[in-house]
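In what follows, chain A forms one complex with chain B and a second complex with chain C.
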Partner chain A sequence: MSLRTTKQNGEWLDRTKKINFTFEGEAFTAFEGDTISSALWAAGQKVLGRSFKYHRARGVLSLANHDVNILVTDGIDTNMRADVVLVKDGMVLNAVNTIGGVKKDKNSYIDSISPLLPVGFYYKAFHTPRRFFPFWEKVIRKAAGLGIVNFDYPRILKRKLHTHCDVLVIGAGPTGLTAACVAAEAGLEVTIVDENQQAGGSLGYDRSGNVAMASQLTDLLAKVAGYSNITMITGAYAAGYYPDHLIPIVAANGITKVRAKTVIVASGAFEQPPVFRYNDLPGVMLGSAAQRLIYRYGVKPFNNGVVVTANDYGYRVALDLLAAGTKVVAVVDLRAEASPMAAEVTKRGVKVYPGHCVYEALASSDKSGVRGAIICAYDEQKNVAITAKKITLECDGIAMSAGWAPAGALLYQAGTAMQFDYAVQQFVPSRIPDGIFAAGKVNGIFELEQRINDAKRAANEALRYLGLSAPEVVTERHVGASPSHAYPMVPHDKGKNFVDFDEDIQIKDFVNAAKEGFDNIELMKRFTTVGMGPSQGKHSNMNAIRILAKIRNLPVEKIGTTTSRPFFHPTPIGHLGGRGFHSHRLTSLHQWHAEHGAVFTDIGAWKRAAYYPTVGQTKEDAIQTEAMAVRQTAGIIDGSSFGKIEVHGPDAAEFLERFFTGVYATQKVGSCRYVMLLDESGVIVDDGIASRLADDLFYLSVGTSNAAAVYREMQRSQQMWQLDLGLVNVTGAFGAINIAGPAAREILATLTDLDLSYESFPISSVRESIVAGVEARLIRVAFVSDVGYELHIPMVQVPQVWQALLDAGKKHGIRPFGSDTQRLLRLEMGHAMPGVDTDGLTNPFEIGAEWALKMSKSYFIGQRSLQILAKKPLRKRLVAFALAENFKGEMPMDCNLVLEGREILGRVTSIGYSKFIDRCIGLAFVTPAKTAIGAQFQIRTDNGSSVTATVVKTPFLKN
Partner chain B sequence: MQALTPNNAVKLDAKISPAAPAQSGASVQWAVVNDMQIATAFASAEVEQARKKVLGVTDVSCFPRYGFKGPQAAQWAADHELAIPSSPNSWTLSDQKSLVLRLGGSEFVLEDQMGGVACEKLSSISARVAGVYKVPRADAAFILSGSAVLNLFAELCSLDLRPSALLANDVIMTQVAGISAIVIRQTHNGEPVYRIWCDGTYGAYMWETLIEIAVELGGGAVGLASYQH
Partner chain C sequence: MKLLTCPMNGSRPLSEFIFGGEYRDAPDQKTCSDSEWAAYVHNRSGAPGDKKEWWYHSPSGTWFIAERNTLSDKVSRTYLLSANTNSTQEQAK
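Entry: the complex of A and B
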């Protein structure tokens, strides 16, 4: 039977546009503007989903984006929130979390065995005996989670945008809209955001049967529309608060990060359900949900309804139900004291039961809806039902109004101190960080007139915060009956009185948790999982706090609240991913590498050529071929990604003395020295070469991965030391080519007039000259070969020199080699690489780099820590090792463990087969007892086999 | 600055724009400008004009640049009759043809616009001066034009770059598409445009990113030739 009403003033539907869709194979029609839930409810479909744990039938609860038992899939998206997702023509929808559909869910038997499944049962039941856990784990994992991940999900771009405004107003209810108008009137740029599809908040549906409320909203919206400096964003939620008033606004099409000068939080409050047996049946819904159904979607919540309330709001709901044509059987008020509004509903023929509760809702025979309610007197002091005289009311629905919980997540995240206000039985802000203002229900102000007044107060405070003049406005605090009940819970011997609808948590679960010792709100949350479902406790946390307070006989404020963290609402991963920027740096030779078949690898931010396989050649063969070229003739590698930093000025040497571990004050112009950077704890950060080009100019080349971090640390140190120098990061401005191998000198000599003789240009020296017509800094290095030259040249001219070297070396068989080959070559040379052969805990003593430390210097970064470490016994040491000649077993890999029995002695840091040496060689951390030349240790490979390694001397080439 | 000499052929011996690896395509017209191979056209003049109005992205990495920094940098600039901005993080034109950006208090970047010679002049000075350090520039540089340019920045930069926040001579050093960049507003041949500079090694990435969004917003690549006149 259709529950669609006649057209409501202000409804969100376009009744001229009909929509056809299916739900679980059944055809339905809707109007444009309907949500999935409103369309189904209008058509008389009461069971919309199944609960997470017990698979109980569930229907509309909030219709406010928190009906997490009503998650559906259209085959592409999963876990669509049916209460707010607009239905579209042609949709084919199915509920998630069922086997066989919502009406005949095969898992509904779980409800009947629920006494066997109390909260936390699986913590205890399945972890012993351990051998059975893998079995239970599969069962639990299958039962856990909602929806099925669609691995064929199309990549749909969700943009992440940045915007800026003077005032961000969160919540477009009457409070937010009023605050926005005040700020806009002052000429400020205002953005107002609301998660609903249309603005208006409660002004759109909380009418108390009074149609004049609709025109009040229309007038307010018209006023807002008149301000060109107000940007209205609806259908999007403010997902979190980050420092300096950065608020991500999440909409269907992406995230907008709003940076505001000031923020007004007018986010309202979540209506809270009273807790009674079977308060989860389809047809039992929040009063505000019933109002939303009526006024937004023109749908009657039910035909014969009972309103159970614990505040005056329930009476407003009753009047709205009457206006929609629902027969209101009774208003059942937990409070003994009669509401001033009782007379009004009584006048309309509705019986009021003050001091009564709904003891339990009666389920229809198939548990798919409500057939009645058993009510009885309620003892407000003891919070128990007095069941001596029970009354059964026939009805097909129950509207619940027990109170509110502030939508204060962003306030909490901003660092707002909250206090419990007994006048409204609610946490309200007591101290808010600068630039943030709260107004309306979230601030504990409930009367409409006072909310509007509070909006003006908050807006004026925001204006004054921004340096504008604005009058003081005083808001009257709440007087009279509290809008929230202190304890709207009705215990029942048979339970099923649900506190958390997401996780099917009942009152007794809290009692049991407390008995188990989980009587702190954070512990109780984790043990019971209250508030850990998709609605994140928006309808359960406050009741959980009240229950715990009662169990512990403490005031609510002593229990406190759980921590609120961004994001306020579940946000799709695709939104967080956004466009997916992957910044990367290319050397000026990138195109050349690509054209010559390079396989690229990411090192730091760079795309580097790893190796150059010929057609049909394996990676291993390509690397060995390239390495052999370097050993036998010559090879060149594009080293443009190396970090390159100039240190200029009279204090340049002093800076290096402090920054690195070695000695530079006495370094001669034209010479190079090793540099090692430590952090303050003595851990190796990076290493490189310092080339002295002049008394007051050092040219540093450091590793690719850490270059940016090293430069940043240099800048930070200079800020502290204030030496007379200038730091210039030339990493991107200079490229570098390393030509290495026995023929390197002969090839290079054809391109430069520089005297390359070993006497004139020995190892560890630097020269400035012209190479292939390009100004270059030449550094004699022995990183991958005893004969090697690094040529540092302007980045844009690297291709010119590269080509010249290839041409000049053609007759020698010169060939390019990549970074993977470079790693093998340096391993053959026995060089450890920071970040490869060290980790975030490795100090110089552990890699045998004592030679690089000048401990007698007055200071260098990390020196003090090294002094302490030097007095302690070594726990590990890097050694060079080789596997047996002609080793044919399972090849160990980087990071494979070094074991002795079950004891871990260390790990392999680098390993590879060297064709030139014809041995498998590597570096590994081992305990000090295993470092002697000839010592042997076992490496466990990926397949579990053990391989014997023998400690050898370096460089391997001379073994 | 040299005149454009359009040529379809890629000259292997010339310096190449750092954004070039991302600019391949049969329709791209190339020319050597200031000793650097640069894309002068990506489409017909009509198409490029339409793109410029919405969101045009032009590679101007070939503009000559010169950088220097140090405690005496401002004095050194004055000694060489270079007009510099009086306040940090702002820019000015020297001789009407050379853009002078002041990064912080003691670092400067010059960029010669069409016809500018300041960079060449300063580059010829080889003497090192105490307190002045040359900063080699290898930037990728771009001009962004059109009505949707702020929509592009909204996705790429967290700062407010609207004219009300980024004043006419402001220089902003920020992150664009996740990498360090310099941004200013400028009038180029009478057109209001935005300028972006980033490290040249990020040039191809920046170009790819700018073009991807520009195309989505109805714009696209515009060759240097459209700024020649």
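Entry: the complex of A and C
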């Protein structure tokens, strides 16, 4: 039987557009604008879903985005909230969490055994013996959860937007709309966000049968539309509060991150269900849900209903029901004192029962709906039903209005202190952080006129916060009957009086939890799982707090609330997922490397060529081949990623003296010196080469991975020292090529007029010249080979020089080599690398770098700590070692331990096989007793075998 | 995400900044004892309260000092560390 009414003023339907869809195999029709729930309810479908735990039949509860028992799947998506998701033509829908459909769910037997499943049952019953747990886990996992995840779900990229506004108003009810108008009138950029499909909030449905309310909303919306500086976002929720007023707004198609100068929270309140036996039957719904059905979707909640209330809202609901053509059997009011509105409904022929409660709802024979309500007197002091005289009312539905809980999640997240206001039986903000304002129901203001006044107050406060002048508006606190009842709970011997509909939690579950000692709100939440379902306690947390307060005989404010965290509403992971933006830097030779089969590796922010395997060649082979080329003829490596920093100015040398450990004041122009950077505790941070190009210009080259951090520390030191110099990070401006090997000089000589003789261009010197037609800085280094030249050239001209070197070296068999090969080559040379052969605790003494320290200088970073360390005995020292000739056992790895018996002496920091010298060589930390040449120690491999290593001299090449 | 006011570039999102640790005055390393120096290098006061901190605005390479209450996470003032601190700037609202 259709429950569709005639057209309602302001309804959200387009009745000219019909929609066809199926639910559980049955065909239904709807209008455009219907949600899945409203369409089904209009068609007389009462059982829309099954509850999570007991598989009880459930229908409409809130119609406000927390009907989480009514989750459906369309075959692709799952756990779609039927109360708010719009129905579309051709949808094929099924309820989740049933076996065999909502009407004949085979799991509904669980309801009858519910006394066997008390709160905490799972925690206790399956805890021991542990060996059975894998079995139970499978059973529980199947029973838990709701919809089934579709692993073929298409990847739909969701956009992320960033916007700014002066005032962000959360909630487009009468309060939010009014506040927005005040701010817009002052010329500010205003954004309003509301989770509903259309703006208006309670003004759209809470009419107490008065049709004039509809025009009040129309007028207000027209006023808002008249401001071009108001942006309205509907169908999207403000999901959290982040510092400095950053609010993510979640819509179906993505997230908008709004940075506001000030925020007005006019988010309203969630209606809370009174608790009585069978308050979950399909047909028992919140009063506001009944109103939404009528005015948004033109659907009667039922034909012949009872209103149970504990505030004046129930009377307004009764009048709305009457206006929609629903018969109202009675208004049952928990409060003994008659409401001033009682007369109005009595006049319309509705019987009012003050001081009465619904003791239980009566289920129809197939438990799919309501056939009546048993009411009796209610003792408001003891909060119990007086069952001596019960009255049975026949009805097919019950609307409930007992009170509200503030939608204060964002206020809490922003750090608002809340206090319990007994005038409205609600937590209200008492101290709000700067720039945030609350207005309307969330602020404990309920009368429509007062709410509009409160909106003006809040908006004017926001204007003053932004430095504008605005009048002081004073809001009167609530007077008269409280909109929320202090304890709308009716105990029943047989239970099934539900507090949390998500998780089927009844009053007795709280009592049991408290008996077991879980009598703190946070503990109780976790033990009973109240508020932990998909609706996150929107209809249950407040009642849970009230119940716990009663159990502990404490005032509500002593119980407090659980912590609110973003996101306030479940948000699809697809909305949160990023696009995988991983920036990396490429050298100007990247294309060349790729074309020549390079395997790339990530070093710092850079992609570097690690080695160049020929077809079918293993990594190990490729590295050894490249290394042999460097040892026998020549190789070139793209060193463009090295950190390159210029220090220029009269104080350049002084800066280096303070920043690094060595001596630079006396360094000659044209020469290079080793630089080592320590931190204040004397730990090695990085090292590199300083080339003096002029009295007032040093050119530093440091390792790839640490370059940005070294430059940053240089800037910090300069900020403190205020020397007369400039620092320029030229890492991206200069590329670098290192040509190394016995034939390097001969090859390079064909491309430059510079005198490359060892006498005029010795090791550790720098020259500026033309190479292959390009201006270059040439540095004689001996990092990977005794003969090596680093050519620093403008980044764009690197490929030109690179190609010229390859051409010139062709007859020598020159090869490019990658960074992995470079690692092996420098190991053969015996060079320790900061960050590889040192860690966050290693000081220069421990790697034998005393030669790099000028302790007699007046100052360098880390000097004072080294003075202290120098007085202490050395605890470990880096040594070079080799394994036995023709070693064939399990190769030790970097970080394998050096052991003596069960005692750890140190660890391997680098190890590798060198084809050139045909030995396994490496560096390791050992105790000082093991550092003599010829000393032996044991390395334990990953598989536990013990390998003997012998301390040798460096460079390994000359052993 | 928080906003932080760089003395050179104004209010910018926190993702552009790198924290550089607490700013502390070092003892005179020529006159202090070993234990005084060790205490300076290794000991930190974790107690919440008003702290002077190093912050680095990464895109522009600006080091500056922020005075921040580590309990309330409120930054009261940011300024360049220099001999003449005339470039101080109050944290904008």
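Here is the rule we use: the second predicted complex is superposed on the first by the 582 of 959 C-alpha atoms of A that agree within 3 Å, B and C clash if a C-alpha of one lies under 4 Å from a C-alpha of the other, contacts with A are read in each partner's own complex, and residues count from 1 in each chain.
Just so we're on the same page, a contact is a pair of C-beta atoms (placed from the backbone, for glycine too) under 8 Å apart; a residue touches a chain by one contact, two chains touch by 3 or more.
Predicted model, so just to flag it, every value in this text is computed and none were measured.
Visitor: What is the contact status of A:Asp244 with respect to chain B (first) and chain C (second): first, second, both, or neither?
Guide: second
Visitor: Regarding the shared-chain residue A:Gly726, is it in contact with chain B (first), chain C (second), both, or neither?
Guide: It touches chain B, and chain C stays clear.
Visitor: For the three-chain arrangement built by superposition, which of chain B and chain C touches the greater number of chain A residues?
Guide: More residues of chain A are touched by B.
Visitor: Between chain B and chain C, whom does A:Ser681 touch in the aligned arrangement: first, second, both, or neither?
Guide: The second partner, chain C, only.
Visitor: Is A:Phe151 in contact with chain B, with chain C, with both, or with neither (first, second, both, neither)?
Guide: neither
Visitor: In the superposed arrangement, which partner chain does A:Gln715 touch: chain B (first), chain C (second), both, or neither?
Guide: Only chain C is touched by A:Gln715; chain B is not.
Visitor: Touching A:Ser865, do we find chain B (first), chain C (second), both, or neither?
Guide: second
Visitor: In the superposed arrangement, does A:Ser583 touch chain B (first), chain C (second), both or neither?
Guide: Touch status of A:Ser583: first partner only.
Visitor: Find the residues of chain A that appear in the contact set with chain B and again in the contact set with chain C.
Guide: none
Visitor: If we count contacts the way the header does, which residues on chain B are in touch with chain A in the complex?
Guide: 12-13, 15-16, 18, 20-21, 36, 69-70, 128, 130-131, 133-138, 153-155, 157-160, 162, 165, 177-179, 199-205, 209, 212
Visitor: Name, in rising order, each residue of chain A that touches chain B in their complex.
Guide: Those residues of chain A that touch chain B are 159-164, 257, 259, 579, 581, 583-588, 590-591, 594, 606, 640, 646, 648-650, 694, 726, 728, 730-734, 794-797, 799-800, 803.
Visitor: Help me check something: in the complex, which residues belonging to chain C touch chain A?
Guide: Within the complex, chain C contacts chain A at residues 1-3, 18, 20, 26, 29, 32, 34, 37-38, 41-42, 54, 56, 61, 63, 73, 80-83, 93.
Visitor: Along chain A, where are the residues that touch chain C in the complex?
Guide: My answer: residues 242-244, 246, 434-435, 680-681, 712, 715-716, 719-720, 722, 729, 859, 863-865, 867-868.
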